[in-house]
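Once you've had a glance at the structure underneath, I'll fire off some questions.
Labels run A, B, C and D following the written order; every chain starts at residue 1.
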Amino acid sequence: MNEFLLNTLDATLRYSTPLIFASMAGLFSERSGVVDIGLEGKMLIAAFISAAAASVFGSPWIGLGAAILASSIFAMIHGFATITHKGNQIVSGVAINIMASGLTMVLGLAWFKQGGQTPALANDERFLSITLPGVDIIDYIPILGDIYRELISGHNILVYLALLIVPLVWWVVNRTRFGLRLRAVGENPKAVDTAGLSVERLRYKALLIGGILCGIGGAYIATAHNAQFTKEMTAGAGFIALAALIFGKWRPYTVLSACFLFSFLKALEDRLQSVIIPGIGEVPVQFIEATPYLLTVILLAGFIGRAIPPKAVGEPYIKEL
Amino acid sequence: MDNSHIAIELIDVDKHFGAVHANDKVSLTVKTGTIHGIVGENGAGKSTLMSILYGFYQADSGHIKVFEKDCKFTSSRQSIDAGIGMVHQHFMLVENFTVLENVILGTEGGALISESLEKARKELTRLGVEYGLEVDLDTPVELLSVGILQRVEILKGLYKGAKILILDEPTGVLTPQETDELFRIFSALKEQGVTIILITHKLREIMSITDQVSVMRDGKMVAHRQTNETSTEELAELMIGRKVLLNIDKSESKSGSPVLKVTNLHVSNEQGIERVSDINFEVCSGEVLGIAGVTGNGQGTLLKALTGILPLTKGSIEVFGKIITSDNHLGPRILRELGIAHVPEDRQRMGLITEFSASESALLGYHNDEHLNQGLLLKKALVKKNCESLMSSFDVRPADPNLKSSNFSGGNQQKLIVAREFERDPEVLIIGQPTRGVDIGAIEFIRKRIIAMRDAGKAVVLVSVELEEIMSLSDRIIVMCDGQITGNVDARDAEERTLGLMMANALTSSEKNQEVQS
Amino acid sequence: MTRDTRLAWINGLMLPLLNVLTAFAAIAIVFVFINVDPIEAAKIVIHGTLGYEEGVGYTLYYATNFVFTGLAVAVAFHAGLFNIGGEGQAYVGGLGVALAVLAFDPSISPWVVIPASIMGSLLFGALWAIVPGYLQAYRGSHIVITTIMFNFIASALMVYMCVHVLREVGQMNPQSKMFPETAWLPFIHDIFAGIGYKIAPSPLNLSIVLALLFSLLVWIFLWHTRWGYAIRATGKNTTAAVYGGIKPKKVIILTMCISGALAGLVAVNELLGYQHRLMLDFQYGYGFGGIAVALMGRNHPAGILVAALLFGMLYQGGMELAFELPNVSRHIVVVMQGLVILFCGALEYIYKPRLVRFLAPIEASE
Amino acid sequence: RPAVVYDIAGKNDQSFNEAVFVGITKYMNDTGIAVTELEPTNAAQVEQSLKKLASRGYEPIVAVGFAMANAVQAAAEAYPDTKFTLIDMVVGLPNVQNVLYKEHEGSFLVGVLAAMNSETGTVGFVGGMDIPLISRFECGYKQGVNWQDSSMNVLANMTGSTPAAFGNPSKGGELTRTQIQNGADVVYAAAGGTGSGVYQAAADAGVLAIGVDSNQNWMQPGTMLTSMLKRVGEAAYDSYDAANNGTWEAGFRILGLAEGGVGWALDEHNRDMITAEMEARVNEARDAIIAGDIVVHDYMADNSCPI
């Protein structure tokens, strides 16, 4: 088995985890009709709070809980502004991103006095890799053994959770009553209203789920993938997740594929200082870095398929003036 | 049928939308198992009243009783539970859902939808057979025609156990055949003891199917009648608050040569659906051509094509010798410069910009005029002065060019638009629904101005859904149905009955022949 | 007062004021959270921004950037477009400035170099906005998403340019070489010194005049030209605009072009006016700040000037806070900015129903 | 009234800036004089911070890091009477003291240690920003490894091409994991704040790591082999002290092994990991370098590395 490929895929899995959580969060919120460009901010605040709480209370689980709480609070602020007060969803999202960016630094500095970082987490304060059962048994099988040992086993629990969450999201969206209502409210909130359902309640529920998922994503970044919070640690992952959401046309499995694609590019970018493409010459890493964004723009422009968002997305539901 | 029970009682229902008093102490009683009609002009408050009954809006004050029980609806859920179903004026369907999914939305039963879907499928099949409401349950509704959508909406109500069904203008978008079908369903429902409230603008329908009828005007309930004790004339008068037929004195037309010639015209609307197919006509100078038809039969699309807003898909329009085709699209700006003026059907959405001041709205379409610009700058003072003179010559009140357009009443907004378009002294005037929702004084004024235009040798194309308006203003009338011309008559020979049949494309061939011969 | 003018007053003045006050209250709470006395902080901010010449200079210097991005957002807003790509457009505008300056021989007159490099910023900023504009107009992709994506693409592009193309030989910082002095915009303190007044040096430069000039131009353009009319008509009611012979697609492109050009001017203030070389992240935060400035300024140049001044004060005040209070980092500015955007933007109407309800009886009694 | 401006990684990067911070804290404790500290958050603010300090009469002002050179140039020109001390870069003005280090010499020593501790024959290097200064670490390290065992293989990666590369532990960790998967069992990080991710990844995989600038042995005790010390804290301390005594001078201070400016860390955290044999070998190398018997090639002399 090609070492390089295996390593890159392994890193792909690690990078895709926060993208999966965030893009699934965005999926709920946008399928309910609320644009969510605050994914980045929610993950950032969650990353910070998880590392802070894990470090102070000595448990990654408390960190995770605190992260979910913090991110959900931000989600509810978004809801309060855009659902209750019919505020502009984009502006609210921008505000959330900026507040998160500032608060993590200000609070981090005030609480820990380490230049905005949180203290490094000891092993029992973070999520560690787990070795899946049967590694030694399967190890003897040629290619499969390698794949199982290197790629599938040896990740932390949140990585596996991310992979499990996608089918769950699919099932919730497509098979449950809540999913039906969610899809309906993102397409035609008035129809939902006249069916006797509260548009606001549904949208709040969706945002709350989004908040929880972003919380897990943020906690993963600071307490599983890394072992402390550092400033601007999410580094655009929320926006890449947004891009993946669009690229995956708001459908769970296609969004997952987009997350994998974008993470693979990121893993490649790490491993290559520059790429030589035959016939074109050297391609700088910055180009690989920009690829997810470029791809999304190209998709949006309708050059590769069409991304049709939920019809009511972006519009506050205003019943009477 | 036991008609003595009361299904619905509304007492002094009052509702404001900001400054609009949509319902003003409205009371209404509907007996169980009857069909109750509600009529009233646009904006009279019919939909609002029904939405309050359906729990969609909350009244500011007043009481609602359903089956003689006091109800306080804070959401539609409660009204659904009380046995009310409503088919809204604009369908409330999720377009990419199947019929089945749309029907169960809100009353799914369990937390998983698979069982609910199966249950609903059985129930709907039964209902379909019982009332003749068959639809394919697994088609996404975006693929269905409006007539079928109507059925889906009714099924939705019935599935949720509605004993009272409210239908808000269900026939506005239906063909006569579909309307007949719908009324047959109503009768079946009535047989089963369902109470029906029917809102419509078409008095003929009221007369043919309802038991009682109530009339609304200006947010108030002005009259209740037993249908068999009233007449269309009386209802019309009650609705509008005056005698309807306005007679305009007009001289014989002195029509000249054709200025606008439409040949084999095909046009698709913004959604790309062909709404105008194979239309041919000519308009001469000094002539009013009336285009009659039920709303939604392609007149709007035709108007947009004639004024350059929509491109043609096939055929041509010839105006002052210039030929517009699908390859040679001339936009509104060029056509306006050529001398075509356009008073659009929808003044709020197209005719002016409600958030602009009156003087800026009066500039719409003419902001590129040479005499209004000096170098790079607009001559704002001149623009304002122009508006003042428009306002005084067309009696727009208040005559304040700085007032926001939305703060004028509908009639004055319309007069402002008419003033803007008429004052440019166009050669061709294209005008849609010139007097819709306009008060009586303004109606008379606008109609006289149209005739004056004609007498000044201009060509006028008039689209209106009001036959009476068409008949009193036009020199020649064409009738549109389903995007095609189904009649072409001289106004002097026109009768309301034949025009009506043409509008429904229901003229039998022998009648057509007669028409041609005469 | 008619109902109309009263509503105008409420919308234009009372609501923004209430919103700003709420934002300040929220900021005060954050201060309490990090053990800083809000009153003390307020004193530092006020003295640091208005209390001495240098502070005023810095405040105005920051405000200049916000005027440009605020105008950029506002112009787009008038056409119904949400340009949140100001950040990227300003950044790429910097590339325009640098390329223009470096293309000239250092001996060429400033009267040539400076206008040319200002043109460079306008052109590159516009270019970076036209693409999302085009995609919105002709391909139906949503401008908000594409401008976000373009911010990131700009960032990658600029890193590439600074690292691989413009970096001087032997220089380790990813930045261009120093601009020749002929390409520097004069500092205001130098101009004053030239006419005999001595004021404390600060980065405040001639760009502020440019900012005032462009505010005036934008005002004239939007409300006194046919193109401005077309833009506003399209933004308020596209259907009516089409009816009026306006082509929305062209309007979108024109508007984004102007919007991007305005954002690009940030590079003039930052690079020609102060840094005198192209460096990474010189535009940091001004693009997003511009959204708040435009919202608070009700998308009118006069309002934008006031809001930009407030944001200039926040920036400079935050710097002073970080300087004076060991417990406060410069990032407090970012928090303040976020809260202002939240309360003045997203929660824009939080007080409106209350205010209208409160005024209704008074109105009725008149 | 002394002051310091840290570079954008911040004073608590646990590495380069923190080494300065520690020196400054010591100075404050020893003398009771308060030092004003500023941490700009992006490059555009550096110059402003320096000028602001200068305009308020602070001096000497220590500017931490190569990235501040241009800002120091501008500030020192604008305030010719203010003393500036610039670490890691050269500004030729009469009021600027330039402190430079021979990082290649220190890196050589830790390279020797790395080679002695590797079982796989492969060691790693994770640099911060891709600039000649960091290549100087890399090159010195490679020479040390090679001197010890010329059959060794060195894997090297840089974290990025902007100053942000000094504060990106995530990517540092990723690069380290890749190097480990490719066989590296000792990894040297010369990457400022990025290092913490490197050491974490090494600890997670149970391989050894080498810290930089500060003594970072405490960060992952048990897997931190040693740290390459760059005594920037002393430079700041000395600079303030000299200014106090009137002995502060503009010009150059170039500090290598001989001057004690660089070195390697041996403390209670790694005492058990360093055998007597290793210690002797490293000291042998050190003495040879000081004596001039070994000339460690400086990457920045010709922008190339002979290995």
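Quick note on the criterion: contacts are C-beta pairs under 8 Å (C-beta built on N, C-alpha and C of every residue); 3 or more make two chains touch, one makes a residue touch a chain.
Since we're looking at a predicted model, the values are computed, not measured.
Among the chain pairings, A-C comes first (most C-beta pairs in contact). A centroid comparison over C-alpha atoms places B as the chain most distant from subunit A.
Chain centres here are Cα means. That of subunit B falls 78 Å from that of subunit D. One simple way to say how far apart two chains are is to compare their mean CA positions; for subunit A and subunit C this gives 30 Å.
Note: centroid distance subunit A to subunit B, computed from Cα atoms, is 47 Å.
Computed from the mean C-alpha positions, the centre of subunit A lies at a distance of 35 Å from the centre of subunit D. Among the residues of subunit C, those in touch with two or more other chains are 159, 163, 329, 331. Touching of two or more other chains is recorded for residues 116 of subunit A. Touching two or more other chains at once is no residue of subunit B. Each chain pair that touches appears in this list: A-B, A-C, A-D, B-C, C-D.
Those residues of subunit C that touch subunit D in the shared complex are 54, 58, 159, 162-163, 172-175, 178, 200-201, 203, 270, 275, 277, 279-282, 284, 319, 322-323, 326, 329-331. Within the complex formed with subunit C, the subunit B residues making contact are 307-309, 331-334, 336, 342, 344, 349-356, 360, 363-365, 367-368, 373, 376-378, 380, 403-404, 407. Note for the complex: subunit A touches subunit C at residues 35, 37, 77, 80-82, 85-88, 90-92, 94-103, 105-107, 109-110, 116, 236, 239, 242-243, 246, 284, 286-287, 289-290, 293-294, 296-297, 300-302, 307, 309. Looking at the complex, you find that subunit D touches subunit C at residues 36-45, 47-48, 52, 55, 66-67, 69-70, 78, 89, 129, 131-133, 161-163. Per the touch definition, subunit D reaches subunit A in the complex via residues 9-13, 17, 39, 130, 157-158, 161, 167-171, 173-175, 177-178, 181-182, 193, 196-197, 200, 204, 219.
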